[in-house]
Amino acid sequence: MDILNAIVAILNYVIVPATTYGAQLALGALGVTLIYGILRFSNFAQGDTMAFGTAITIMVTWGLQSLGIGFGPLPTALLALPFGIAITCALLLGTDRVVYRYYRTVRAAPVILVMVSVGVMFLMNGITRILIGVDEIKFADGARFLISASEFKSWTGLTEPLAIRSTQAITVIVAGLLVWALFWFLAKTRTGKSMRAYADNEDLALLSGINPDRVVTVTWIIAGALATTAGVLYGLDKSFKAFSYFQLVLPIFAAAVVGGLGNPLGAIAGGFIVAYSEVAVTYAWKKVAGYLFPSWDTDSLLQLLSTDYKFAVSFTILIIVLLFKPTGLFKGKAY
Amino acid sequence: MKNLLLASTAVLLAAGAANAADVKIGISIGFTGPLESMAPDMAKGAEMAMKEVSDSGKLLGGDKVISVRGDSTCIDAAAATATVTKMITSEKVDGIVGGECSGETIASLNNVAIPNGMVMISPSATSPALTTIDDKGLFFRTAPSDARQGEVMTDEILEHGIKSVAVTYTNNDYGKGLADSFVEAFKKKGGTVTITAAHDDGKPDYSAEVGALASAGGQALVIAGYVDQGGAGILRGALDTGAFSTFVFPDGMVGGSLEKNFGKEVNGSFGQVPSSEGEGHDKFVAAAKAAGFDGNGTYAGESYDAAALILLAMQAAKSTDPKVYKDKVMEIANGPGEKIYAGDLAKGLELLAAGKPIDYEGATAVHLIGPGEASGSFREIAIKDGKIETVKFR
Amino acid sequence: MSTRQPDAAKGGKFRAPLLFAVMAALIVMEGLTTGWDSALVILNMGIISAIMALGLNMQWGYAGLFNSGVVGFTALGGLAPVLISMPPTGGAMSQGGWQILGALLIAVLALVVATKLNHRLHGAARAAGVVAALVIGFVLFRAVFDPAVARVQAINPASQGYLGGLGLPVLLAWPVGAVLAAAAAWAIGKTSLGLRSDYLAIATLGIGEIIVAVLKNEEWLDRGVLNVTGIPRPWPVPYEVDLQADPGFVARMQGWGIDPVTGSTLTVKLIYMGLFGIVLALLLWGAQLALKSPWGRMMRAIRDNETAAAAMGKNVTRRHLQIFMLGAAVMGLAGAMMITLDGQMTPASYNPLRYTFLILVMVVVGGSGNNWGSVLGAVLVWFLWIKAEAWGPEIMNLAISHMSEGPLRQHLFDAAPQMRVIVMGLLLLLVLRFSPRGLLPEK
Amino acid sequence: MIRVENLQKRFGGFTAVDGASLEIATGSITGLIGPNGAGKSTLFNVIAGVYTPTAGKVTMDGEDITGLKPHELFHKGLLRTFQIAHEFPSLTVRENLMMVPAGQSGETLWNSWFHRGRIAGEEAALRKKADEVLDFLTISHLRDERAGNLSGGQKKLLELGRTMMVDAKIVFLDEVGAGVNRTLLNTIGDAIVRLNKERGYTFCVIEHDMDFIGRLCDPVIVMAEGKVLAEGSPATIMQNEAVIEAYLGRGLKNKDKVGAAV
């Protein structure tokens, strides 16, 4: 029984939240890594793109709700998501046309593009806040729990609760579907293949007749879809707040770099590594230890690091990985 | 650049056109930055007091009150200092409501307000450090110091028969200061604190904090945070994972969004807000609703009171000079005289004009002690059926 | 990068004086319209920003190192005034101060042992040895560190609860701030300077956050989020209230027809301006000489082409480390000066948008690689950043003045302060696109 | 001068250089040719310190220089140029040359502030030397131009000029003729021969242009599939069956075509 309690405690406070958070980070990091792989720069505006996409989705959600349209037990925001994606993609393509394209034609150094993305970050940051304001917004509706803590306790008779929110389940399922669709697209379709070829060797790809404009357009569309979906899932699971999304760019970068910039598989692994380490390293293992070794009485919380250093954890991992594997665990690219 | 310059010149000309006899009150709070979501309600609270006074036409023979908003960013001392400098030296304000956070407040106070002899009344800076600051009688606050709240909360928790709690605080001077004074008071009276964990506002995810708190355990969780900020994230996480079922809410957590977003889920939890018995609070909330904002927003009432105190002190001193009216603030706040609640400002102005004393109660039962800070009478609240209900006053 | 662009330096040798004249005119106009106090506040912070920008220009402009952790170095520099000039907390050292220092020594030793093992051992033994050294070191460190910290923090927590400083003059803290930042830069440079451009940018972004997190959470060091207030002023700067109480000063001001209160605030700001101005002038002198010397030529060569510079016998790694430390030292100096000016250390106020990306905008707008450009860009952008706070709502007011009262209008009005970030973003994008070498291009 | 013994360089599973051994004699202009993918560039980069070898040894005048970094090799007198010109684009042509010599006291920050007189003297000497080099290369008129604005061939000349700023023992030229027009290529060729004769530089030249190789180099070393295939004078190499096979594949032995192809 105690062992079961220990397992449930770990599930409830480590595995379930970290998996959800990891899925959200993975989607964000996939966007960063795709842009790095194909457009060859780290997009500092990723967090604000997510915020913008989510803001649009929320506004559409409100519209749908006022029309009385719902999605049964699922959040209405999922219905609004395609609209959010479409508008975000339009914005990204517009930004590409007005801003980024010039630097591709003059073949500017990647680091200049990073700088440009900082400018775009400033802009999107402001636009999102003007659109939807600075307040925290909760927009999840529908059923709240798949398994609620009290139900679980009465079913099993365990002292430790286990809760799985429906948004957590949705996050993992949608993220899984999206990742599957992305890999299928990259592996099987003509456009996907040409994107990979372009990422591997731009000049060679151009020689073999790949249309670079098309590759770039598709990349931005995918990035927009990933960013918006990640943002909406994240907002559904927690809440929307422009400032949080700006902060989110830090763990997302950590995830992308740990996995290896430019490597989609790495981005997913990185997302989970960062999420799990943030939660596990700062988790106080006292309770679990208490279940496993009832005779061991300790005052210590058995916490490796206080939660204050949550962010520091992901970046410490990042730096250690960079020291030993300079292009990330899954061998990313360096331009 | 050129157009911007032209625009700014136009703006300056426009600003200069305001009536010279008008009274200007600055509002220096963090419209951007980590507490940006609290700022609009606070500003509107303060502006409601100004509008009330303007509409009454009774301030010093009919002066209108003009609000000058400035962004203190709450975290950037330099930006706050620049904002307050601009208010004092170029906008020529006659008093300032602000700042919002303690650090920023201390900076603008030391660097600008005290050297310029300007009165600042903060609706929300609660650091004990502000108690001992050498403010030349220019600084007041309508929020109580954290030290007092720590003691009140300790008594409350022990009376509920709870001996061991986990504490989480928002990682700023308010949260940390409150947590420190609470933990000290609680331990002194025999309570056990299992963990004191910080949480940062505006962070994406609180699973780690909730996990650590849950593992440390305790009969209740004290959340010294903001209900529109990380505090809500922690509360949501703790409820959803079933980590805690009883919560203790200090002032930053008691607000409209607690009822709205959590409601019945936090039944049985309790807390306290700086407030005292009376009609002031209800009147303020109703007036705020009519004006289109949430009167239960964190520190909205305190902001109303801060602005009202400045204006009433001007009336009492028959001067808009901060160096003159600063001496009247305590007198007005602490009586004796007729009690003036939120919405009664016109009456207060009349009485003062007639030379009669008043006791300003306002929206939050203002009573200033020591070097000009709210006395710390608290309203103990409990959540019953999803509603915040007053239990008693301490 | 932009070096293949056609020469943007139109206007020849008059360009720089002209632009500096415009800058001066803006400050003077601010003084005439808004007030001299406000103008001087902007100018003083502008000078500090100029020093930060100079530091970043050394890294980015001379050597092409993308450092997105400026915020960390300025924050670390800001620690110096606390450590140097605050009075020591009575009994803090005996209560736990020495023990904390001992714990830090243990941590350093563990790292050294781990590094040595990493070099000496091979294969599985290496991994096991390094991990063992780190784990044992960590456990020992926490065992010694935690109780000592708890005891220090228990000393009068409302106003002390930290080790305090040495009680020395605050001017000493300025070079110390530079040294602190340079020391951190050494450690960071040793580990991450080998990384390629984007990786370095991301790594420094993270390191900046880590430094700020440490300053926010290690209360024994700087009271963390409780802030250290009342940092004494540097030597020639008086307190306004003292001036106002000085009959001689009051008489002099009244003789000049100046209100004594205004006079006192202006005097203090002018003295600060003089102090900061001297530091800036010295730095500019040094930076200009260095940039024009063979050292600067070598740095620019390394920036242009690392491979070729290495093939021409230049030790790129060592030079990168040198310039990275030098730039960080300048940022640390600026950080210490800023905390001196503010009179308090508020670790929570260090956010990357303001202290990293805004400084980046300053360098790019001014003209990366050009020291004078960094100074110009810093003061102009800082001016704009402060003014945009006022202009944003005004412009928004103009825009919405035709709209009827309603939620949308109110919403737009509330959103107006966000205009300043949009202005900065636009400025950065426009400069990068149309004048990539900045206002004052590198010669 | 340079002796390479059993050098091997592997990238993951791919072996680019597979046990190559060769020697570059002092005072020679040695040519290094081979079909694409023969491992010339990798060999070159291993010798120049860009890559560390998987196995094998490189010595210079008997001293082991395996695995030394590029800047360390520079100090031993080993200089190189690049296949795609590696000029310093934002420096002027003269600055490109003046930055080369090691041990300039102005490269120390302290001196740049406090010993400006000494620096001025050194700079004057360097400037004079750079101008001589530019005269030698017949590009004096470009001295104040930004190097980034030069044509491809001029950049190659500039790279050659950089090697003349110090007393190089051996200079590795990586496809010096790539993308350079015929006239300029002749200028470069003349410069190489003069440097070899007048200053005693040893050269190792990778080149595809067989005319150029034939005119300048003796001996010529041929590489294929990561190994040294043959060595000899240009004329004998042209006749070598194995070389022809390596270039054209087995079964094709039409020697007339070889001349045109290689």
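Order as written gives the chain letters A, B, C and D; numbering starts at 1 within each chain.
The rule is short, and it goes like this: contacts are C-beta pairs under 8 Å (C-beta built on N, C-alpha and C of every residue); 3 or more make two chains touch, one makes a residue touch a chain.
Because the structure is predicted, anything quoted here is derived from the model rather than measured.
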### Query
Chains shared as neighbours by chain A and chain D?
C
### Query
Greatest Cα-centroid separation from chain C: which chain?
D
### Query
Closest chain to the protein CA centroid?
C
#### Entry: Interface with more contacting C-beta pairs, comparing B-C to C-D
B-C
### Message
What's the distance between the Cα centroids of chain A and chain C, rounded to whole Å?
### Response
31
### Summary
Here the gap between chain C and chain D, centre to centre from mean Cα coordinates and rounded to Å, is 45
### Message
I'd like to verify one number: the distance from the centre of chain B to the centre of chain D, where each centre is the average of its C-alpha atoms, in whole angstrom.
### Response
73
### Message
By the touch rule stated above, which residues of chain D touch at least two different other chains?
### Response
none
### Task
Mind pulling the residue numbers of chain A that touch at least two other chains?
134, 306, 308
## Note on the structure
Listed in rising order, chain B residues that touch 2 or more other chains are 32, 171, 198
### All chain pairs that touch each other
A-B, A-C, B-C, C-D
### Query
Where on chain C is chain B touching in the complex?
33-38, 41-42, 45, 157-159, 161, 216-217, 219, 224-227, 229-230, 239-241, 244, 261-262, 264-265, 268, 338, 341-344, 346, 348-349, 351, 354, 384, 386-387, 389-391, 393-395, 398, 410, 414, 417-418, 420
## Note on the structure
Per the touch rule above, chain B residues touching chain C in the complex are 4, 7-9, 11-12, 31-32, 40, 69-71, 75-79, 81-83, 85-86, 88-90, 102-104, 106-107, 110-112, 114-117, 127-129, 132-133, 136, 147, 171-173, 175-177, 180-181, 184, 198, 292
#### Entry: Contacting residues of chain C [partner chain D, same complex]
3-4, 286, 289-290, 293-298, 300-301, 303-305, 307-316, 322, 326, 369, 442
### Query
Which positions of chain C touch chain A when the two form their complex?
1-2, 4, 64, 66, 191-192, 194-199, 201-203, 205-207, 209-210, 213-214, 216-217, 353, 357, 360-361, 364, 411-412, 414-415, 418-422, 424-426, 428-429, 432-433, 436
### Query
Okay, in this complex, where on chain A does chain C touch?
36, 41-42, 99, 102, 106, 108-112, 114-116, 118-127, 129-130, 133-134, 246, 250, 253-254, 257, 261, 306, 308-309, 311-312, 314-316, 318-319, 322-323, 326-327, 334-335
